[in-house]
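Two complexes come next, and they have one chain in common, chain A, joined by chain B in the first and chain C in the second.
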Partner chain A sequence: MKKAISWISLLIVLSIVLAITACGSGKPKNAASTEESSRKAQGGEAIKLRIAWAGSQARHDATLKALDLYTKKNPNVSFEPEFSGFDGYYEKLTTQSAAKNAPDIMQIDTYNIVQYASRGQLADLSSVNVADVDPNLVSAGKYKEQQVGIPLGKNATGFIYNKAVLDKLGVKLSENMTWDDLFKLARDIQPKLEKGKYSLADLSMDPDAYEMFQLSKGKGFAHTADGKFNIDHETWTEFNAILDQLRKEGVVPPADITVTYKQFDPKQDLLLNGTVLFLSTYAAGFGGFDNVSPNTFALTPAPSGEKSGGWLVPSQFFTVSSNSKHAEEAKKFLEWFINDTEAADALMLSRGVPVSAKVLEYVSPKLSGSDKAQIELLDKTAANANKFSSRPNGYWNFRMDFIKIMQEVAFGKTNPDLGFEAAQKKYAELIKE
Partner chain B sequence: MNAGNKLFYWKRWSTSIAGYLFISPWLLGFFLLTAWPMIQSFYYSFTDYVLLDSPRWLGFGNYTKMFTDDPKFIGSLKVTLLFVSFSVPLKLAFALLVAMLLNRNLKGMSVYRTIIYFPSLIGASVAVSILWSNIFGMDGLLNQLLGFLSIEGKSWIGNPDTALGTLVLLVVWQFGSSMVIFLAGLKQIPVELYEAASMDGARAISRFFRITLPMLSPVILFNLVLQTIGSFQMFTQAYIVTKGGPIDSTYMFALYLYEKAFARLEMGYASAMAWVFLLLMGAVTALVFASSERWVFYESEGGK
Partner chain C sequence: MKDMGIFKRYRIGHLFFGCFAGGIAVIFLIVIGVSYQLSANAIVSNTTGYQQKILDGLNKRLISQFGAINEMSLAISRENQLQEFLRGEGDAYTRFRKSDDMRIWLSNISFSMPIVNSIFLYMDSPPASNFQEPAQFFSLDEADESEWYKSGLNSDFFWIGQHAVMKGTQEVQVISFARKVIDITGRYRALLVLNVKAEDIQSIIRENGEYNRLLFDTGGRLITSVGDPGILMKAEDYVRVTQGNSGIKGSQVSKGEFGNRSSLLVWSQLFGSDWLLIEVTPWKQLTTGSLHIARVLMIIGIISIILVIFLTYFLTSQFTQPIYKLIRGMSAFPSSSKKPHLPEGYRNEFGLLFNGYKKLTKRIEELYRSLAEQSRRQKEVEMQALQAMINPHFLYNTLDQVNWLAIEAGQEQISRILELIGKMFRIGLSNGEGFIPIRDEMMHLACYVEIQNIRMGERIKITMDIEDGLDELYTPKLTLQPFVENSIMHGFHGKTDCLLEICARRKDGQLVFTIADNGVGIRPDWESMKPRKTGGYGIRNVIERLETYFGKPYGVTIEGLTTGGTTVTIRIPALANKPVQGGTFSVQNRNY
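Let's look at the complex of A and B:
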C-alpha cells in the first residue's frame, strides 16, 4: 500500500514537471514562428545577427540608430546588439569565442586583430566592397594577405585638453607644440590652478603617450615593423625622469589619483571631472568626451620633437566570426555600414572619420564642431605621420603588463631601469610569431 | 525465509530508487556541471591548453612553473592570505559584537535587525562595489568627512598601501549572515548560566569569556570555516573596485585565475592554479578543524 502511494506521488510529480516544461517551451516557439512567418512574407529568410562593440554612449546611440535603419530596409535581418564600455569588453569577447559562441559581428581594434586572426576566429571578408577606402586602412585589416577586418574609421593619436579652462586663463596653444612646450606650459599653468587640480595627466602610466614621446625622438614605436621589442632604454629613462620631476612639483597628479582613472566615467575620468587639463587620446574618442560636456574640450596633435609624435590608425574593425552561420548576411551589412550614405547619417563620426572617401565627402557639410575637430586632428597629423604597422601577436597582453610596470615605476616600487628590464622580459614571453 | 529476504531487499532497493529519482535533477546537475568539469580541469591542469587549440600534454610543467617562475602567482597568493587573515577575524568579531547588541529584548528589535542585516543582502553586488569606489575615492565621502576634521585625505583606493584595507572594510561591512548565525547561537545559551554567574559576582567581561565564548564556540567554528572559504574566493569586489590594482596590491588569487583563464585563455595553467587553490583551501580548512579540538566546546561532551 505504502509503495503504491509513493509511486503515485512520483507519477504526479513527474506529470507536473512535464506539464510545466511543456508550457515553458511551447509559448516562445509559437511566438517565434509567427514572427518568422511575418518576416518571410516580407521576403527572405529571417536572420538574427549578433553584433558586439565597445565605446562611449555617443557611439552606442549612433550604432543602434544605424542598426534600426538597416532592419527597416532589410526586414528579414534583425540584430541582437551587445555593447559596453571598453572595460571588460575583450574578456567577454574572448570567453564567448572560446565557447564557440562569439557574436556574428565583432568590433576589434588594432591591438588584438592579429591575435584573433591567428587563431582562425575570423572569417574571410575579401568579398566586401572597399573600393572607396584608403588602401593603407584596408591593408591594416589583413592577416597573412587575407582580409579579416573592415576598418570603420580613420583615427589619429593626439592630446585632448580642457579648452574652456585654458581660455579662461588666457592660454593659447601653439600650432606645432613640442614636448618641451607642453611641459613648460604645464608648469606655467599649474600655479594658477586651485588645489587638487593639475595641468597635465601623468603620462608615465600611459603607453600611448610614451610611444608618442619615443616617436618624436625618432626612435620608432614600442615594437619594430617586424614585431621586435623596440622600447629605447635611454628615451624611457628620460621620459620617466621628466614625469617623476613633474609629479614632485605637483604638475601631474600623485600616482594614487592617476590609477583611479576610468575613461568616460563622469566621476572618475580625470579629464571629465576636471582633475587634469591635458590627456592623451585618440581622435575617435573625442565624441565620448564632448558628449559628456559639450564645448569644453579641444584636440591638439601629438607633441613633436626631432620628429612628429603622431600616427594614423584605423580606429576599430568590424570582423565576422568564423563560426557565424550568417557570414554572407554579415558581410552585406558591413558593406552597407561603411559605404552607405544613410548609414553615415546615423553613424556620423562615432567610430572616427569615415573610411570611405565618398561617404566622407557626403557627411562633410553636415559636421558638427566636435566632428570637425576630429577631422582637423587627422589632417594635421597626416602631414608627417609615423607609419603605423600592425601590432604583433600578443601585443594586447603585453600592453596590459606594460601598464602595470609603468605604474610600479610611477609609484616608486621599482626604478626605471628595472622596469625596462621587466618590460623586455615580458615582451619576450608574450609576443608570439 | 528466502522469499522474505528477497522482499526485504526489493523493498530497500525500491524505496531508494524513488529517492534517487526525486533527487535526479540535482544528481544530473552535479555530475554534468560539477563533477565532470572537475575531472576535465584536473586533466587540463597537466596540459598546455589554449582554449581554441587542442590540449598538449605537459606533465607537471604548469605546477613547476607556478612555484618557480611566476612571481605573480606568489604575489597573488600573498595578497589573498593577507586578505583572509585580516578580513575573517575582523568580520567575525564585528558580527559577534552586533549580534550581542541585537540579542536584547528591546521594543522594535526586529526592525533594527532587518536594517542592520540589509547591507549584507546587497553587499556583494556590483552596485555596492561602485558605491564603495566613490566613498573611498579622492572626492569621496570619507575624505569629505575627514575634511571636516581638517585631516587631508588621500585616494584610498588608488594607493597600494590602503587599497586592500578598503576591500577588507567592504567585506567586514557584509557581516550579516555571520551575525544571524551568531544571534541564533546566542539565543541557545541558557539564561540560567548568566543568572548564576551574576549571582556569583562575575562581571560582564568574565561572563563573556567564561560563558558566551565557550558556549558559542561550535557556532564560531562554523562561521570561521564558512568565512575562510568565502574569503579565499573573493572576486567581485576586487574586480570592480580596484581591478586588482593599484600595482597588484589587491590582486587576489581568484582575479589572477580569471585573467589567465578568460583574458589570456591559458586554460591549462588556470586549471592547475585552481587545483593548487583547492588544495590550499582544503589544507587551511583542515587546520581550522584540527585546531578546533583545543577550543571548541560541545555541551554534550560535558566540561573538560
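Let's look at the complex of A and C:
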C-alpha cells in the first residue's frame, strides 16, 4: 500500500517535471526569423538590390513589372526601386554617389556615363553576356576599354508633335522636313490656334534641338569626337535669332512659360497640356507621352538642312555601382534584363528598341502602335544618321550650365554673343580630358 | 459526522476508486491551472519590462530622428536663399532662376537626407514644380484647406501624422514636420513641410519584428502605427487608457476593450519627450507559452489519470476483494453446510481478519456442537427423572406389605432385605434431589452391600474410610453404587473372600472417592464394550452425569491392577452446599 502511494507520487512529480521542462524548451520562435530562414533555404542568401532609373510612368510600370518577374523567378533577390522623372534624377544620383550611398544598379545616360566611370563609381560589367547586342551600342558603354554600362535600348533623336491637332487643322508633315519647313509650318499654324497655345516649343532653351540644328548645318555635335568645344558661333547666332523672332511673333511661348515645362507631368508638360504642338524628343520617350494621351502624338525625324539632323544613341545604360555589395547578382539581373524574352514581354519598348537582336525579333510581332512609331523613327534616322561619339567627361555638368545660358539668352538677360562666350568658358572649365 | 455520510453509504470499492482517481484529477487540474496562471503572469511581467525597455530605446531613437528633422527644417527656414526666394523680387528670369535653384537645393537636401522623402513649400504664387521631384511648391491656400493644417494652426511648427502625398503618380504614406517660415519683418510667408516616409519611421518602430506599436504625439494624435490593423483600430482608445494612468511609463492588461480582444498594453513616454509609444500585444500571443505548458500538462495529466485509473482499479480490487470474500463467507455462514472459503496467504490486516473470523466460526461451531450435546444429555436426564417418577408411596406400601408377608411366613432374611431396599429407595429418591450428603450415599451403599451379603452368605467385607468432616459434603446421588455393584457382580464372581474398600479424601478442594476391590480386575477394553441391558449402564450413567455436572478435570478413572482387583477413582468438587441445578424437581411435591 505504502509502495503504491509513493509510486503514484513519483509519477505525479515526474509528470510535473516533464511538463515544466517541456515548456521551457518549447518557447514559440520568432515568426520573422523562421520566414527568413525558409527563404534562405529556398535560394541562397536573401538579397535586396537598389535600382534607380528615370523616365515616364509607362517606363516605371514596365520596369516594375520586370522586377516583379525577376523576383518571382529568383526568390532570394528582391528590389528596392527608386524612380522618378529626369528632373532632379541626376542630382539625386550625384548626391547619393557622393555619400557612397549610390543604388546597386543605376540608369545613366550617354551624357554622364564617362563622368561616373572616370570617378571610379561604376563596376566592371565585362562578364555580362552582350553577344546579341549591336557592337556599336556595346562600345558606347565602354570607358577606357572597360565595359561600365549595359545599353538598354536603341534610341534616336527627333520631334514629337500633336498629330491629333494637326490632323484637325488638315496639316500633313512632309517626309523629309527641313528646319525651314518646320518654322514655316509653325508660323502657318499659329494663327489658327487659340490664345495661350503655341505651335512650336521654344527650342532656344533645348540643347538637343540646338545640336540637331547644328548637325543639319553640317557643323557636327556641340563637341568634337575627341571632346573639343564645337559650338559654331555663326550657327548659334542664327538659331537664337530665329527663335527670338518666333518668340516675338508668338509662335513659341514666352520664356517664363517655357521654363515651367516639366517633362511627363500631365499638367506642366507643355506638349501634354496642349501648350505647344512640336517638341524635340528621343524615340524612347515616346511611350511616356503616348501613355498619357494615346493616339494623340506622332514622331518625326529631326529636321534636316544641308545634312541630316538626327543621330542614334543608346537610349540609356544600366550601370552597377562600384560600391555595390551585390555586384554579381546585379550583373546576373542585367544579363537577364537585356537577353530574356520574358523580360522583353514586360518591358517591350519602354526603354527604347531592344538592344538584343534576338529579343527584338521576339517582340516584333507583338509591337503596339507607339512601339512601331519608335522603330519607324529609328529606321528613318538610321538612313543618314550622324555618327555619335561618346560625350566627353563632365559633359553633363556643362549641359546643365549650357541650359542656364540658353535660358538667360531666351529671357534676354544676355545676348547670344555673350552667351556663346559664357558657354565656351564653361566648357573649358568643366570638360576634363 | 454528516459529511462523512458518503463514507458510510457507498461501497468501499467505489469510494476508494472515486476518491483516488477524482483526487488525482483535481490535483492535476489545479497544477495545470496554477502553472498556466503563474507562467502567464511571469510572461506578462517579463514582457512588460522587456517591452518598456525596448520602447524607451525606440523613443530615444525617434527623438534623435525627429530632432534632426526639426533642426533641418529650422535651418532651411532660416536660409537666406529661401527668404530671398519667398520675397519674389526681380524680373521673370530672376524669379525663375531663384525658384529653379530653390527646387534643386531642396531636392538635394532631400537626396542627402534619405529619411526626408520630399519637401513641400506652401507659399504665395508658387512656381511650377515637377510632380516627380521631391521638392514641390504649392499655394498656401492648399495648406489652409487641408485637414492636417488645422491641428497646427496656433504653433510655429508641428508634426502631422501619417497621411498620403503624391509623388509622381504614386501615393506615398508620409509623416510630416511643418514649420511656418517667418520673414525678417515677422510676416508668415510660407509653410515648409518635410515629409518623412512613414515606412522609414515604421521600420524603426517595427525593428524587423511583428509587433503592434503605435506612435502618438503629446496631443494624443496618432503619428503612425505598425502591426495588425485589426488590433490597431480605434487608436484614441489606447490614448485614453494611457492617459487614464498617470505617469510616463506604464502597462495595463486590457481585457475585451479593443474590439473584444484581450491585449497587453505597454507604453513609454520619455521625460521631456513629445512621443508616446504604445505596444499592444494580443493576449493570445502572450499566453502561447503558457497554453503550451497547460497543454503539455493536460496531456500528461490525462495519461496519468488513465494510468491512475488502471492503478486505482487494480488497487481497489486488491483491497476490496478480500473484504467482499469475507462478506460472502459471512453471509453464507452458517446456512451453508460448506465451510466458507477464505483466501490464504494474507499476512497483513486481512490475514488477521480472516484468521479471527475463522477462529470465530470454529468457536461458534464448537459451541453449536456442545449445545446440541448438552441438550441431548438434558433430555436424557429428564427421561431418567421421568422413569424415576414411579409413585414411591406405591413402592413403599407394596414393600411394606411384602415385608409383612415375609414376617408372617417367618422369612426373616427376606424381611431384612425388604427393609434395606426400602431404606435404599428412600435415599435414592431423596425428595427428587440430585445431590445428597455423603453420609446418605454411604448409608445407601451399606444397605446394598448388606443385601448382597444376605444373598451370598456374608462373603463380602466392606470398609468405609471417610475423612473427618466430609460426611456433610454433597455428592450426586447414587454415584458410588454402580461401581460397587459392578465389583460384586463381575469382580467377585466365584470368589469367597471379597474385600471392598471405600475411601473418601479431600484433596486440593476436590473430593476424591476411591473404590478398590480384590476381584478379577476389569478388562482393559471395558469402555469400548457394548452396554448391556443390565450392567454397565449404571457406570456410564455416573460418568456422564459427572461430566454434565462438573466437566474436566472431574470425572471417573478406572484401572485394573496387575495384582488383580480394580480401583475406581471418582473426583468431584468439594460441595459444602447443595448446588442449585436445573432440571431437578421434587418428586414429593408432584401429585402422581
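Here is the rule we go by: the second predicted complex is superposed on the first by the 399 of 433 C-alpha atoms of A that agree within 3 Å, B and C clash if a C-alpha of one lies under 4 Å from a C-alpha of the other, contacts with A are read in each partner's own complex, and residues count from 1 in each chain.
Basically, a contact is a pair of C-beta atoms (placed from the backbone, for glycine too) under 8 Å apart; a residue touches a chain by one contact, two chains touch by 3 or more.
Predicted model, so just to flag it, every value in this text is computed and none were measured.
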Check: Which partner does A:Thr95 contact after superposing on A: first (chain B), second (chain C), both, neither?
Finding: both
Partner touching more residues of chain A, chain B vs chain C, is chain C
Open item on the list: Between chain B and chain C, whom does A:Glu408 touch in the aligned arrangement: first, second, both, or neither?
Closed with: both
First (chain B), second (chain C), both or neither touched by A:Phe229 | neither
* Determine, under the contact definition given at the top, whether A:Gln263 touches first (chain B), second (chain C), both, or neither. => second
Checklist entry - Counting only touches as set out at the top, which of chain B and chain C does A:Gln57 meet: first, second, both, neither? => result second
(Q) If we overlay the two complexes on their shared chain A, which of chain B and chain C does A:Tyr362 touch? Say first, second, both or neither. (A) neither
(message) By the touch definition at the top of the document, which applies to A:Phe221: first (chain B), second (chain C), both, or neither?
(response) neither
Query: In the superposed arrangement, which partner chain does A:Ala255 touch: chain B (first), chain C (second), both, or neither?
result: both
In the superposed arrangement, which partner chain does A:Tyr143 touch: chain B (first), chain C (second), both, or neither?
neither
The intersection of the chain A residues contacting chain B with those contacting chain C is 7, 91, 95, 255-256, 259-260, 267-268, 404, 407-408, 411, 413
Counting only contacts in the complex, chain A reaches chain B at residues 3, 6-7, 10, 13, 90-91, 94-95, 97-98, 119-121, 196, 254-260, 267-268, 273, 275, 397, 400, 404, 407-408, 411, 413
As the complex stands, chain C meets chain A at residues 24, 27-28, 31, 35, 39, 91-93, 96-97, 100, 103-104, 107-108, 111-112, 114, 127-135, 168-169, 208-210, 288-290, 292-293, 296-297, 300-301, 303-304, 307-308, 311, 315, 319
Within the complex, chain C is touched by chain A residues 1, 4, 7-8, 11-12, 15-16, 18-20, 22-23, 26-28, 30-32, 57, 60, 83-85, 87-88, 91-92, 95-96, 99, 101, 255-256, 259-260, 262-268, 404, 407-408, 411-413
Counting only contacts in the complex, chain B reaches chain A at residues 11, 14-15, 18, 21-22, 50-53, 133-134, 137-139, 154-155, 157-160, 245-248, 262-265, 267
